[in-house]
Amino acid sequence: MPAELIRILIGLVAVAVSVGLIGLVMVWVERKVAGHIQRRPGPFEVGPNGLLQPLADALKLVGKQLFMPDKADPILFWLAPVLSFLPVLLLFLPLPVGDGLLALDINLGLLLILAFSGLAVLSLLLGGWASNNKYGLLGAARAVSQSVAYEIPLLLSVLAVSFVAGSLNLAEVVKGQGTWPWNWNIMTQPLAFLIYMVSALGETNRAPFDLPEAESELTAGFHTEYSGMGFGLFFLAEYANMVVVCSVATALFLGGWHGPVLPGPVWFVLKVSLLMLLMVFLRWTYPRVRFDQLLNINWKWLLPLAVLNLLATSFFVKLAQTW
Amino acid sequence: MDALLKGLAVNYLAACDFSKAGKSWQVILPAASLVKAAERLHAADYFIEDVCALDCEEGFVVTYHFAHFAIPGRVALRVVAPHDAPAVPSIAGIFHGAEWHERETRDFHGVVFEGNPNLIPLLMDPDMADCFPLRKEPKSRAKMRDVLEAGQVVHCDPAFDLMTPAAPPDASDAAQAPAGDKATA
Amino acid sequence: MTHTPLLEQVAGDFYTNNFAKNAQEGSLILNLGPQHPSTHGVLRVIVEMDGEYVLRAEPVLGYLHRMHEKMAEVKTAAQFIPNMGRVDYGHALGWNWAFVGAVEKLAGIEVPERAEYVRVITCELNRLASHLLWWGAYLLDLGAFTPIMYAFDDREKLLDILQIPTGSRLTYSYYRIGGVAEDLNEDCIARIREFIPWMRSRLPMYKDLVSDNIILRKRIEGVGVIEPEACRRFGATGPVIRGSGIAYDIRRSDPYSVYPKLDFEIPTSELMDARGRYDVRIAEFEQSLRIIEQCLDMMPEGEVLVKGAPKPSWKAPKGEAYFAVEGARGKIGVYLASDGGKTLYRTKLRAPGFCNLSLFAEVSRGTILADAVAILGSLDLIIPEIDR
Amino acid sequence: MNAIKQACKTVSDLWSLVVGLRVTGKYFLEPQRTVRYPWKALANTDTYKGHLELVGSPKDPFKPRCISCGMCALACPSNCLTVVKRKAPKPTPEEEKALAEAKANGEKPKDKTPKDPEKLIYDYSLCSLCGTCMENCPAGALRFSRNIYMAGYSRNDFLFDLVVKLRECDAGAPAQTAAHAAEKSEA
């Protein structure tokens, strides 16, 4: 099917461009918001209001010498940042930005996202392991146990929504919701939304769950030894992952492109930005949790709650069907 | 303090004015009874403040300062270690905090604390562990009695004459002349 | 678990090798520092780890050692005061006071009453600044970035106030033997009066943002329990020991200056953990403000430097003196011995952080790495003071 | 009962997180505290005490009050001051004659050497700004400048002659000097 192929190709290019752009904008937003929270202006020297600061930073990162520690594993060391960034591009393909505005319209879109987002942890492990650094190793070990743990409640909460919608196709899920907030899935699945957001923080290694790179304990965790673009790719992947989880949350819980007056894609971007802003706010407000607490939150709270939520949902879905 | 150290070999025990010299008791001990004295102070709920040494003519005066959480005042235990082989038993087993203070004193003066669990350089570079910055030139050393506060002597071992003032002719039996000792201050 | 070739020990330095001698089979030896974000300077801690658990830890000092005690041997008493501002950049005036107090004790110099009040006010302001610095830095250790900015916002006001009489912002050398260098002027007093209600209005915000936060509470509650007995054996003082339930404060137990005339409490906590130490320091904000408020009201007019105050060529009389003040981190003690010569015969600086840090090896045993960092921060370390 | 208590506690614990967000949210909207230095001036520079400078004499602001006694150099804890005294000027023939006359009369010759120093070398990189020199100056000839902008590319930039500095700085800002001098003379 050449039409489908062309669509994917165009989608890939669009995604690659927008991921880069989003990364730059997010860096600026994060620093600006952090600045204002801390009652300072944030970047404001480069460009109007510091808008060009991320660009300058990116140029600096690109210009830096690629440096690898002695006795590190060269192949794995350089593979890790690339591997962290590439799957992210795929994750964007099945995301419905507007009605019919998505690169890859498949029935298993949600599954694709969940499957490929699991790959990210592999790159963290590789990066931490291959850099022959004790902090890196500890960070990698933390990243693996954290990602593996948080994937489960994430999956279960997503599953609850797809039970209600009866589809794993994100576009279908969005279509099942309505224009106004009370028509969105968050009204029927508030607990799932909460669990999803907390797990998403854990999955993307965002504060207060940024244990793998906890700089006061592990200096920089898995990317201690990375500089220049190696670090840049990890950095970009983190922001891209954030966008993905927020987009999925928007599609699943917040009615996707639905909204009054404004066109669909605008609503979608608006909702995603709001969620991202929330994540930024969380980062600059809370202390970091401890590692055992992190796992306790997951295994003792999120997982049982997610399972209960799933059971209750399936019960009601079945009830609705038989009636 | 007198009662606390009963039965221990003590060379010199004097009560000092806390508001003037900043300590209420000064005890000069032979090295052998230091650990026992520390044990008793520990049993009497004293805590360790610091350990330091003074390079005097007679040797290194290793001073242990103790204070109490409830009783105002300060006790100074002192041991004189000879210059040629300065060695003092460690009290790190009783007051664990003394370990670091003793290591510091070893760095600065080269006094060896026998029994310290980890007597490696603390503040000085291990490469220059044999350079003791606070040791004085022999000619610039002062006599103990010139530097230390004599205080109100309660007990003085007759054989111990390092603290007795040089000037009065009846210095040899200082134990019977506690009032005269105050003059050195 | 065995060593893989990839992580084989490269020949370490003296301390690492000395530490590794007693290492268990298969454990990981990690050097936290001397350059590490949570060691507040150049402290180095060697830790032996089993996974995330700390089996053993040993602080290695001396990276900032400047041998102040030797410098005291080549300078006269009055010339040594600038050094005191550099021992502890957090609470420089505490050290100023400890040294000039010791010399005054040695020489029997009476300080004018106004100078005593000026000293108490500036010292307490400095203590507030020190606690604010600790608060911000501690939360940075625990992973919260924003509080340090709020703390520095307040601290900046304090530094501006202290800059008026002292002229500097961090390493003050303001006290003189027999008084202080300069009187507090009208502007300064007015600003202190303004600052007190401002600081009080900030404290609820600190509580809301941080102290009550569930994540922070879980991070520091039950972490790093220090028994009073351990405090005694290690000679810990200051908020560390008050966090363990012992109301020991030099301002009350060996009162100096005008503190006996002032009405303030000694906050303590029975918790004995990092939370206890945190609570004590937070409570000390209010007590310091109370002290400053009373001092401003009670301060008499008069000279701030005694007539005939010692000049640099002044020779200290024979004898010895030990003077201790309550610093932000605990008991700052200065021991002086003089043989009547040009310079002091021996100057010994007792740093509270030094004794507090010596507890770390014991307390951190068996904790997880994040807790070890939380404990290290709760001891409130200023490395220049520890290394001197 | 216990379970209810537990649940209430959990809710209040979680509520503390919301309270935290409210605080940061409030400050997010409030104006910033940063002074956009160097575009805006700082408010606290006038109480700063920077490097030493000489005080001009009341008559001639370019001539230091210093009497070259060397007390400052003696008092300085870090030996950062060096006073170079002026050499006696070569006497003119008339003066020489007068001198010989005076000697013949048994009078003590009057020292005509100007008291102000030839040079006062100051090493700012050693100075700890303690103020001991000022306190020990019998003539009140030293004070802290308010110069916070002292910067240099090498150590030698911080080694300067205060006498030269006095002239230079005064030449640069004559009005200010006059004000300073007036203020000082009043004092």
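Note that the chains take the letters A, B, C and D in the order they are written out, and that residue 1 is the start of every chain.
Simple rule for what comes next: a residue touches a chain if its C-beta (ideal position, glycine included) is under 8 Å from a C-beta of that chain, and two chains touch if they have at least 3 such contacts.
Keep in mind that this is a model prediction, so the values were computed, not measured.
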| item | value |
| --- | --- |
| Partner chains shared by chain A and chain C (touch criterion as defined above) | D |
| Selected interface, A-D versus C-D, where C-beta contact pairs are more numerous | C-D |
| Intercentroid distance (Cα basis), chain C paired with chain B, Å | 27 |
| Inter-centroid spacing, chain D versus chain A (mean Cα positions, whole Å) | 55 |
| Chain B and chain D, separation of their C-alpha mean positions in angstrom | 45 |
| Residues of chain A whose C-beta touches two or more other chains | 37-40, 284-286 |
| Contacts with two or more other chains, residues of chain D listed in rising order | 17, 20, 23-24, 27, 33 |
| Interface hub residues of chain B, defined as touching at least two other chains | none |
| Chain contact topology (line, ring, star, complete or other) | other |
| Chain-chain contacts as defined at top | A-C, A-D, B-C, C-D |
| Chain C-touching residues of chain A, taken from the complex the two chains share | 34, 37-40, 71, 73, 132, 134-135, 137-138, 141-142, 207-208, 210, 214-219, 283-293 |
| Parts of chain A lying in touch with chain D, wherever the complex brings them together | 33, 35-41, 44, 281-282, 284-286 |
| In the complex, chain D residues that touch chain A | 17, 20-21, 23-25, 27-28, 30-34, 36 |
| Partner chain C, residues of chain B touching it in the complex | 18, 20-23, 42, 45-50, 52, 54-55, 63, 65, 67, 69-70, 72-74, 76, 94-100, 108, 120-126, 133-134, 142, 146-149, 185 |
| Chain C residues within the chain D interface of the complex | 75, 78-83, 85-86, 146, 150, 153, 160, 163-164, 167-169, 171, 173, 176, 181, 205, 208-210, 212-215, 217, 311-313 |
